[in-house]
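One chain, subunit A, appears in both complexes that follow, with subunit B as partner in the first and subunit C in the second.
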Partner chain A sequence: MPEATLLLQFLVTGAGTGCVYGLVAIGFCVIYNASGIVNFAQGSFVMLGGVVTYSLWHALHLPLAVAALGAIIVSVALGVLTDLLVVRPLWHRRATMFVMILATLAVQIVVERLTLIVVGDAPMSLPPILSRGPIHLGPIVLDTQVAFIFAVSLLLVAGLRLFFTRTATGRAMRACSIDRDAAALLGIPVSRLVAVGFALSAAIGAIAGILVTPTQYTAYNLGVPFAISGFIAAILGGFGNPFGAFLGGLMLGITQSLATVAFGAGTRNVFSLAVLLIFLLLRPQGLLGTAKT
Partner chain B sequence: MPSNIIGWARLIAGVLGLSAVAYIAVTGNYLLTALGFAAIYVVFVAALNLFMGHAGQVSFGQNAFAAIGGYGSAILTANHGWPPMLAMLASALLAALVALVVGQATLRLRGHYLAMGTLALGLISYEIAVQWEQVTGGYMGISGIPPLSIGGFAAETDRQVFLVLALAAVLACWSVWRLRRSRFGRAMGAVAGSEEAAAALGVDVARTKVITFVAAAVYASVAGSLMAHAVGYISPEVFGLHMVVVGFTMLYVGGIGTTLGPLVGAFVIGMLPEVIRGFRDVQDLVYGVVLILILIRAPGGLAGAWRR
Partner chain C sequence: MTALLELQGLHACYGQVEALHGVDLSVGAGEMVAVLGPNGAGKSTLLRAVMGQVATAGSIRFEGASVAYAPTHRRAALGMVMVPEGRGIFGPMTVDENLSLGGWTQRGCVAAQRGRVLDLFPRLRERLGQLAGSLSGGEQQMLAIGRAMMMQPRLLMLDEPSLGLAPRLAAAILEALGELNRNGLGILLVEQRAPLALRLARRAYVLRLGNVVAQTQPGETLTQDQLGRLYLA
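Let's turn to the complex of A and B:
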């Protein structure tokens, strides 16, 4: 009996981390759908979310909510700058996919190193955003922060669903994901949508980073691991499908959590990679995806 | 004799570059260490060039194979007293084996998937180096690695070390050039151009990719071994994402897909730390910015400009 409870407990914790991976994965999809680009600097948004919030809160003594808002703004600015300064010139030159990947990876490195120079390499953490004790659901203890992660993630996913189905911009972005050239012919401003995609994706990434920081810690070099987990989640869900991506994130978080219980924390990433390879070999279109090249 | 201005410019640049290297080597300047370091990177970048420039594939995880070489050499020589050349050979074999297994799985992937898969490979090798403390020494790394030696001859002074490393660099460039011009090299070029067309011409695409991946892994492993012996100390940081960024910057500055690109890029970028003289954090920042600028402004690199 205690073992079953423990297992359930790990499932809940895993799902909490999974929500964060899911948000990172959605960030990948939003840019990919608008532009066909996989942004390898996605992790820098997640890292900045946590690090900037911490810095504003700790050094400038701003209230946590204001600091978080500041972090989101910084991330969005970075997203838009990445699009304007790096992606757009390469896009106009019709650079190969590989060059685009390398350039965005270089952006990741530049942001990471700048962060290291400005705030140093000490790990930093945030207090839980809601300050009350854990919630007891029968035998399971739900950490308030994990509950908060669930709530915010679900709200965001619902909000994005509305955005993609009800607003003109969201619909135009979906049109782009189906056929960019046809969308352009119909008068949809594709390059402006790519900028919107980068801004939106950066905001989602930053929120993911802010949410996850109180449950673990963050540091300048945590962007790439989060990006890889998010990318794996996006593939599990069927690349380009934001809601599939969120499911993929949940699945990955739970897998990692179970691997930690069974084989120790060091094996988490080995298991993520194993899940990725199994999916790529057996079901490359992912959970909810349709085969698309 | 060159027939036009560009030809003369090439000749002069080449002569100036070579004489600078020769001058530093003969006078035993403090820059010799930096030059040796650049020579090691020539081997690493030549392999990147083989896999990406010539075969048209993508790998962000070549540092994993350098780590196998570096740790293999360090553990076998420093802890078990193996002769350096034998340790280097054994490590390269292990790297080839790992590349064969990993390559079978990952090279089925294309595009973004392959890029992210190989990036994850590099990250995992870094984590293993940090976590597997009883073998790798964790963050502390491994020190007391002996210098390179064959039989009774050991490369001990800076000048001897540099000569060995320079020889390795030249061998690497030459062998990649030979490989590119062989029958297998033409198959590689066909795969880079169009996999469908190559298959139609009778090239075994999957096999060509895996063999190229294994070959690139062996070069990377040798570069890792050379690094271990030249510095005498290794840690996970040596083979981290830093190595990938430096490698790509060198490849693009030199010119991807060219024969001399790795040589030019590694020496130009390898001397950069001596110019900026900052900490590693600043260096990576500079590398990243240079890489972005090159990709946007001059995708052909220096060798690309050279050819024009």
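Let's turn to the complex of A and C:
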């Protein structure tokens, strides 16, 4: 049945993109949990992941893996600087959440413009990280880069789960997300953990950007679309739950892919937003979230 | 001998509103001191001020050193441990995880203290894997105190530990605090149930509208009549 095979094929491709959305969504959740801030600069980590990797690889002729590592480090530095220079001073001044969110949006715009000045507006792409032919699973063809995305995403999600349940720092971050004042009373340095949260989600965002670039392309202005998809995925998953966010990402990727097959590529955003609206109306707590009043 | 905790002229504000207007208070080493007062007197604000959770002016000394400018987590690491109003339990985490978070400042050597805490509250031992939010009110209070004890406090401050508990359970909790105090722990206890608190505490302060309006000396007790007048006057 070629029809069914095609459908499966689109499901797999959609799930691959969905993993990337899921990773971006996890980035939102990690910062939100640690600080209560929705960090709209999340997209700039994703964009820098791709753009910096490309630049180091293409201009400096570094091996791809080294370039990728460099991009992760640049993103992490940006994340920590965003926290230290923007979020923390506002925090100490007891700024409202609205102000903080606008400030992160400003960071997004500044990073985007600086990137435009430094590397220009040409789209860039990377070769697949594993260079071998596609994998055949029965009738389905699995692109190696998509397989690589699956593998890295699952490893990251499993690693994060261990971090949040098994390490003292991870547990303390969860405690902060539940009750920051109570955490501080236990001697937990809440603002330092917010910095760790920014570093962690910058790294995850950069990895998402590196993973996705070989399957399409990247450019200075690609952060925002990914941030929007990741943000929708985070809401679908129940904002604040990293694993729900990842599932939300998968769901969004698959929805977009199916919408593309059924109604054409122009409708994918219509369907993303439709799914978001349906969730907001029928299950506002998201896939794995608990209702907040 | 320097006092464990010494407050002088302590003011605390929420934004423009001042909630404490110059409070003097001290807790000696190994002493149990009660803070009484009606709703809205500023009792919780007093403990938050001591921990640096509201804006303050005035002097806060712990074991002789000023901590007025230290952030909350640093005060906690010094051994100033507060169980807040509402207990501050992490409901979506297990009892065990809550207890180990109490060991954050201890880094490493928590096993022995964990054993002592579970001996003090054997009920917690049976519920280690359970989510803290699913514990009964009394058990949550035991967990809050147990978690505080994991920090090996030098001064334990509690905000209405008996709130919402049946009288017998409240008495049991306060009895456990009395036991800790007899072993040498300094305790600052905020309570609305004055009779319970006064039975255990060596001294008491009565707070009203952000001021200390009465205080007792060791051995002195407030009669029901005096208390009533302080609360209502």
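Brief remarks follow.
What we mean here is this: the second predicted complex is superposed on the first by the 292 of 293 C-alpha atoms of A that agree within 3 Å, B and C clash if a C-alpha of one lies under 4 Å from a C-alpha of the other, contacts with A are read in each partner's own complex, and residues count from 1 in each chain.
By definition in this document, contacts are C-beta pairs under 8 Å (C-beta built on N, C-alpha and C of every residue); 3 or more make two chains touch, one makes a residue touch a chain.
Note that the structure is predicted; figures quoted are calculated from it, not measured.
Contacts of A:270 after superposition on the shared chain: subunit B is touched, whereas subunit C is not. In the superposition on chain A, contact of A:261 is made with neither subunit B nor subunit C. When subunit B and subunit C are set side by side, the one touching more residues of subunit A is B.
Once the two complexes are laid over each other on the shared chain, residue contacts for A:225 go to subunit B alone; subunit C is not touched.
Residue contacts after overlaying the shared chain place A:97 against subunit B, while subunit C stays out of touching range. In the superposition on chain A, contact of A:280 is made with subunit B only, not with subunit C. Touch criterion not met for A:69: it reaches neither subunit B nor subunit C.
By the touch criterion stated above, A:8 is placed in contact with neither subunit B nor subunit C. Of all the residues in subunit C, the ones that touch subunit A in their complex are 51, 53, 71-74, 76-77, 81-84, 88-93, 97, 100-102, 104-105, 147, 151.
Subunit A contributes residues 168, 171-172, 174-175, 178-179, 181-190, 290 to its touches with subunit C in the complex.
Residue ranges of subunit A in contact with subunit B, taken from their complex: 38, 40, 86, 89-90, 93, 95, 97-99, 101-103, 105-107, 109-110, 113-114, 116-117, 224-225, 228, 231-232, 235, 239, 266, 269-270, 273, 276-277, 280-281. Within the complex formed with subunit A, the residues of subunit B that make contact are 52, 58, 60, 105-106, 108-109, 111-113, 115-117, 119-120, 123-124, 127, 131, 241, 245, 248, 252, 281-282, 284-285, 287-289, 291-292, 295-296, 299.
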